[in-house]
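Single-structure report; data block below.
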Amino acid sequence: MDYQRKTIGILTSGGDCPGLNAAIRGVAKPAVELYGMKVIGFANGYRGLMEGHSIELSSSDLSGILTEGGTILGTSREPFKQLVKNQDKIDQMIKNYKKFSLDCLVVLGGNGTHKTANLLKQHGLNIIGLPKTIDNDLYGTDFTFGFHSAVDIATEVIDRIHSTAQSHSRAMIIELMGHKAGWLSLYAGIAGGADIILIPELPYSIDNVINKLNQRHAMGKKFSIIVVAEGAISKAEAKMSKKQFKASRSDMTYSSIGYKIAKQIEEKTNFETRVTVPGYQQRGGTPSAYDRVLATKFGTYALSLILKSDYGLAVGITDNVVSARPLEEIAGKLKVVPKDHMLIKSGFALGTCFGQD
Amino acid sequence: MDYQRKTIGILTSGGDCPGLNAAIRGVAKPAVELYGMKVIGFANGYRGLMEGHSIELSSSDLSGILTEGGTILGTSREPFKQLVKNQDKIDQMIKNYKKFSLDCLVVLGGNGTHKTANLLKQHGLNIIGLPKTIDNDLYGTDFTFGFHSAVDIATEVIDRIHSTAQSHSRAMIIELMGHKAGWLSLYAGIAGGADIILIPELPYSIDNVINKLNQRHAMGKKFSIIVVAEGAISKAEAKMSKKQFKASRSDMTYSSIGYKIAKQIEEKTNFETRVTVPGYQQRGGTPSAYDRVLATKFGTYALSLILKSDYGLAVGITDNVVSARPLEEIAGKLKVVPKDHMLIKSGFALGTCFGQD
Amino acid sequence: MDYQRKTIGILTSGGDCPGLNAAIRGVAKPAVELYGMKVIGFANGYRGLMEGHSIELSSSDLSGILTEGGTILGTSREPFKQLVKNQDKIDQMIKNYKKFSLDCLVVLGGNGTHKTANLLKQHGLNIIGLPKTIDNDLYGTDFTFGFHSAVDIATEVIDRIHSTAQSHSRAMIIELMGHKAGWLSLYAGIAGGADIILIPELPYSIDNVINKLNQRHAMGKKFSIIVVAEGAISKAEAKMSKKQFKASRSDMTYSSIGYKIAKQIEEKTNFETRVTVPGYQQRGGTPSAYDRVLATKFGTYALSLILKSDYGLAVGITDNVVSARPLEEIAGKLKVVPKDHMLIKSGFALGTCFGQD
Amino acid sequence: MDYQRKTIGILTSGGDCPGLNAAIRGVAKPAVELYGMKVIGFANGYRGLMEGHSIELSSSDLSGILTEGGTILGTSREPFKQLVKNQDKIDQMIKNYKKFSLDCLVVLGGNGTHKTANLLKQHGLNIIGLPKTIDNDLYGTDFTFGFHSAVDIATEVIDRIHSTAQSHSRAMIIELMGHKAGWLSLYAGIAGGADIILIPELPYSIDNVINKLNQRHAMGKKFSIIVVAEGAISKAEAKMSKKQFKASRSDMTYSSIGYKIAKQIEEKTNFETRVTVPGYQQRGGTPSAYDRVLATKFGTYALSLILKSDYGLAVGITDNVVSARPLEEIAGKLKVVPKDHMLIKSGFALGTCFGQD
C-alpha cells in the first residue's frame, strides 16, 4: 500500500519526562513492524534535526523501551525565543527535513517544543506534536504524559515525610517542581493530604501560612505538611515588576523557595522547620502505568493521523478522548490551574490552606 | 444553617479496594469539620445497617486514613439476589435508617452495592452511591476508584517478570483479577508490554496463543508474557451453557485459569511455562495518588449533592468531569470492555495477541 | 605490571537472580578500566563456554548495568548430574578455557553452578565462584546476593495482602519460592508478620495449621496470613519415599502447594481461603540496595583474589566479612534453615505457627 | 513462674527512624502474650519517663504496628549535655522508674539515648538499650535498625536521578543525611553507582571534585552523580576551629551543603548543576524487610535478657550475631566509617571519586 512508503521523523525536546520512550514506541513500532515505514530518530531534540544527527529506528531499537525513563533519542533545550531570531537554524531544519525525505515529523515536548513545531508548520513542514511534561501546563490537553508519574513520586515523598513527623511543633516543607503552573503541587498535595499547598496561581501570604500552623498547633496537631511549588509567589511578589521580583529573589540563586519560606516560618514562630527538595527525582524513574497507557495512546493515535496524512496537529486528551487540534491553536498558550478547579474546592472543603485568606 | 443539622450514614460494601478510606474522608471530614453535620459509619457494609452496628465518626477517626488501604468501616458481601428475597433484611435497613434519623445514606461499592442502593431508593430512602471496584466494570462512570491502583500493582508484577525472563523458550503467565470484565488485564497488559492478553470480552483460541508463541520464538525472542484475566474464556467455552461451562472448569475448583492454560501450552509445545497469580495483592496497599484524588473528588462531590438535598444518585466521572446520574439508570448494568476500545486498537497496532485470529 | 596481562572469563549460570549484573560489574569494571585486563563474557552460562559463544566486555558494556535485573550475559541451566556423565562437554569447556587463554574463570551461580565449578577445578582450571541465589541455600556463605531482593518483594506482597484482609474468617495463603530451603519464607514471613509459616525444614501438620486458624478466630481476629514455601511438606510426606512423595503430589503437576493447602483448609473449616502465587516476581526487578552492595563487594573481592592469583575458591560472606574458601569445601552442600535459627525462636516468641505442635 | 511478674518500661528517644515499632513489638508482644508481663510504654522518650506520661501496652496496641513507620510511643530529643547538668530531671526519672515498679527499662535510640541510658544505669536502674538510627553511627553494633531502610530510599532517589540525567554537562547533587558519619552516603552512593561520594570521614577538595567532572566529560559521559553527606567538609574546613567552621557556614543557615557545592561547581565550570535534598524522606515510610527482621531480632533478644535478669546492656549485632555488651563500653562513642572500609576500596576500584587526590 501507498502509506507503507512513508518516512517519519521523530524527536524529543525539552526537559526529561517519563513516558517519552513509550510514546516513541507507540508511533514507531507499528510504523516499522506493521506498516513497513521508515522511522528516523533525531538525536537531542531539534538540535539533531539541525545537524542531521539521526538513526533509523529498527524493531530491536524499540524493544524493551516501554518501561524506560528518559528518552532513547536524547533531548536538549533549544529556546524558541532565540530560535525565532536565527533563521539559519530554521533553514537548516527545513533542509534536513527535505534531505531525509520526511513525510512527517513527530515532536514530543512541552510548550517550547510546540511553539517551534508551529513555526515549522508555518514553514510548510508536516508536523505532529505529542504533549509531554511533568508540569501538565500545556494548553489543549487535559493531561500530558509524565504528569501522573511525577504526581506518584511527589505523593510518595509526602507520604514518607508524613510518617516521620512525630515531634511537636514541626513544619515540614516539600518543594515540588512547577515554575508557572501548580498542577503537580495541587494533585500531589491533595493526594498526600498536605495541610498547606502554595501554587503560583494563588499567591500566598506568609501570615496565612503561619495562622494555619498556629491553628493546627492549637488543635493539638504535632506537625504540618507544607507543599510548595517552586514557582509559588507571595502576594507582594505578584504585584512586582519582573525586575523587582528578580531582586527580591537574589538571595536564592543557589538555594530554593522552600528554604526561603522555612526561614520566614522559623523567624516568625518557634516551629522547627525542615525542607525537602525532591528535585529531579520528579522527572525520573520508569513511567507509571497511567503514563505508559497515555503515551501509548498518543503514539498510536499520532500514527493513525499519519496514515491519513492528517498533519499540522497537536495530539491531546480532552474529556477522556484522545484527539487532535491545529498546532496554531495551542502554540504559545499556557494551561494554569483555574482558581475554581474542583481540587481546589475539594481542598477548601477538607480544610487545606492555599495561603489565601 | 439548616444543612448543618443533617445526619449522614455511610457504609462500604463488597470486595476490598484501595481508596475507600479516601472517599469516606472526602464525604465525612468536611461534613463534620466544616458543616458540623453528624456522620454515622455502619460496620461491615449493609450488614451493619441491618444490625444497627455503627459509630459516629469524629474528626480524629478521619485523620490519617487518606493513605490507608482497606476500609475503616469494614465490609461484607450481602448478595443482592438473596437480599431481594428477604424482605425482613430490607425492612431492618429501612427501620435503622429511620432510627438513626438519617437524611441520606452514602454507599461505597460496586455493582452489587449499587443494585441494593437502588432497591433502598425504591423503598424511599435517600441514597448516594460512590463507584469503587478494582474491576472498573461499573456502568455509568468511566473509572471507579481502586482500578488505577490495581493497574499499578499488576503492571509492576509484569515488569518484574519481564526482567527475569532470560531463558529460552519460556512462556510467563500472569493471571490477573477480573471475572466479567477485562479492564485490569487490558490496561496492565498494555502498560507492561504483554505479548498476549486474554480477556473475557474476547474469547481466545489456544491455537492462536500458541501461534503467537511460535511466531515470537521464530523471531528469536527468548520469552513471551501472557496476561490472563481470571474470567478469560475460550471460544468453545463462550458457546457453552452455564452448566456445561461449570463442568468444563470442574478441575479448577482449587486452582486457576492460569494453570489450565499453562498445562495446555506445555502439552502442545516445548515451552517451559511459569504461572504467577498476584491474587489479593491487587486489592491491597495504599491507594495510588490517582485513586486518592479521584476518591477525594467523589467524596466531596457527594457531599455537595447532600448540601443541595440531591439524592437517589450514583456519582461517577464521565468525560473527565465528576457528575451524577439516577441510581436506576446504572443499577444492574455491567460495563465491559468494548471490542473497539482504543487500547485494543493500540494493542493490535503494536502486535499484541488477544487470542483472536 | 604483570597482572595487567591477565585474561578473565566470566559467566552466569542457573536461575535468574537480582544482582548478577552488579557482581559482573564489580569484577569486570576495575579489571578493564583500572588494570587494563581482558574480560571475556560467556553467553548463557556454561553453555557459552562449551560453545565458545562469548564477547569481550568493554567499559561501555559495563556502564549502566548496576541497577538492572537479569544478566547481560544470559544464563542457562546445565544440570550437573548430566554434565558429569558427559565428558565431551567438560572437555569442550576445558578446550575453550585454553583457547581463550583464560587465567581464571569467574562463575556466578548457586549450588549446581558451584558443583560444576569444583569439577572444572579438579580438571585443573582456575575458578572463582560467586554465590547467587534468591533461595540463600548455598553452603559456605551467610548470604547470597539476590536473597534480600527476593525477601523485599515477598514482604511487599504480604503487606499488600495484609491491608486487604478485612472480611471475616478468611485465610490468605502466599506461596513463596524455596524448594529445599525455607530462608525466603522465614525472612519474609517474619518481616510481613505472617501468622503461619510453613517451610521444608519443619514439616507441618495440617491440623496444627487449622488449630491456629481456629485459635485466631476465637480471639476475634478477622483473618490469618499463611506463608508457604513451595517446598513445604507435611509430616506424613516427610516420612515417604521419593516415589510415594511424587505420587502424593501427582494432582499438583500444573498447580501448586498453595492450592493444595487451600483445598484442605476449605474442606476442614468454613474459612474462605485465597491463594497468591508471586512466582517469578521474586526473581525480578532491580536488585535491592543491599544486594547491589553485597554483589559489588563480592565482585571486587573476587578481582582482588585474581590479582593475587588466588584461585579455586568460593567467595562468600561469613560473620559479616567477605572471604573465600576452597570450592571443594562447599560444592554439593546445601544450607538449610537450622531448627534453632534465631528467627524461628523469635517467631515462636511472637506466636507464629510453624505447623508444629 | 516468677519472670511472669516482671514489669518492663519501654521508650523511644531521638530522631524518627523506621523499625521502632517493629522493635517495640519484638520486646512487648511476647512479654505480654507469652509471659503475661506488664509493659509500660512511656510517651515521647525520656520526657515521658520524667513526667510519668505512660500507657500500659495491650495486645491490641501491638497489633498491626510491625510495618508502621515512626513510633507509637512518640519521641523527643532530650540532649544529654543539658540533662547531665539537671539532677532534678534525673531524679524524676528514677522516681518514676520506682513508682511504676519497673524491673527493667528498655530504651530505643542512638548515641544520645545510650549516653542517658548509661547514666541511668550508673544510678542503679536496670536498663537495656536497642540501637536505632538511620546514621548507623552507634558504636558497638555493625548495624542499627533504620539504616538499611534509609539506604533503600536514598538509593531509589539516586536511581531516579540517574534515569533523567540525559542532558550534556550536567552535575546532579544529592545531599543525604549524616552529620558526623558517612555510612548512609557511602552505602547508597555505591548502591546507586554515584560518580562522586563526599563523606565527613574523607574531607574533600573541590578541585578533585571538579577534576572528576572534567575527566568524565572528556570521556563523553553526559552527566555525573554526586552524593554528598550533609556533614561533608572540605579539607580546609577540616583544619578549622569550631568557631571558624561555624563562620564558614554562616551563609548556609537556611540552605544546605548541597547548594554550597553546586554554587562552587557552577562558578568554576560550565556544568549546569541541580540539587536534590531528600531530607526527612530518609527517616520515613515503612521499615524495609531487613530492618523489620533486625528490629524483631533485637526486640526478642532484649526480652531474652530480661527473662534472665541480665541488665545494663546495649544490644547489637556483631559479626552477624545478635549479642549485648555493657552500656558503659559503648556510651559516648561514635562509629564512623574507617578509611580502609571495604566499600571505600570497592569504590576506588570502580573509579568512584571521594574528593581525595
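Each chain carries a letter (A, B, C and D) given by its place in the written order, and its residues are counted from 1.
Keep in mind that, in the parts below, a contact is a pair of C-beta atoms (placed from the backbone, for glycine too) under 8 Å apart; a residue touches a chain by one contact, two chains touch by 3 or more.
Everything quoted here is computed from the prediction, not taken from an experiment.
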{"item": "Touching both chain A and chain B (chains)", "value": "none"}
{"item": "Distance between the centres, which are taken as Cα means, of chain D and chain B, whole angstrom", "value": "41"}
{"item": "Mean-CA-position distance for chain C and chain B (Å)", "value": "35"}
{"item": "Averaged-CA centre spacing for the pair chain D and chain C, given as whole angstrom", "value": "30"}
{"item": "Overlap residues in chain C, where contacts from two or more other chains coincide", "value": "159, 162, 286"}
{"item": "Full enumeration of touching chain pairs", "value": "A-B, A-D, B-C, C-D"}
{"item": "In the complex with chain A, residue positions of chain B that touch it", "value": "25-26, 29-30, 33-34, 66-67, 142, 148, 151-152, 154-155, 159, 162, 187-188, 190-193, 286, 288-290, 292-293, 296-297, 300-301, 303, 318-322, 342-343, 345-346, 349-351"}
{"item": "Chain C-touching residues of chain B, taken from the complex the two chains share", "value": "16, 68-71, 74-77, 153, 157, 159-168, 172, 253-256, 259-260, 262-263, 266, 274-281, 283-286"}
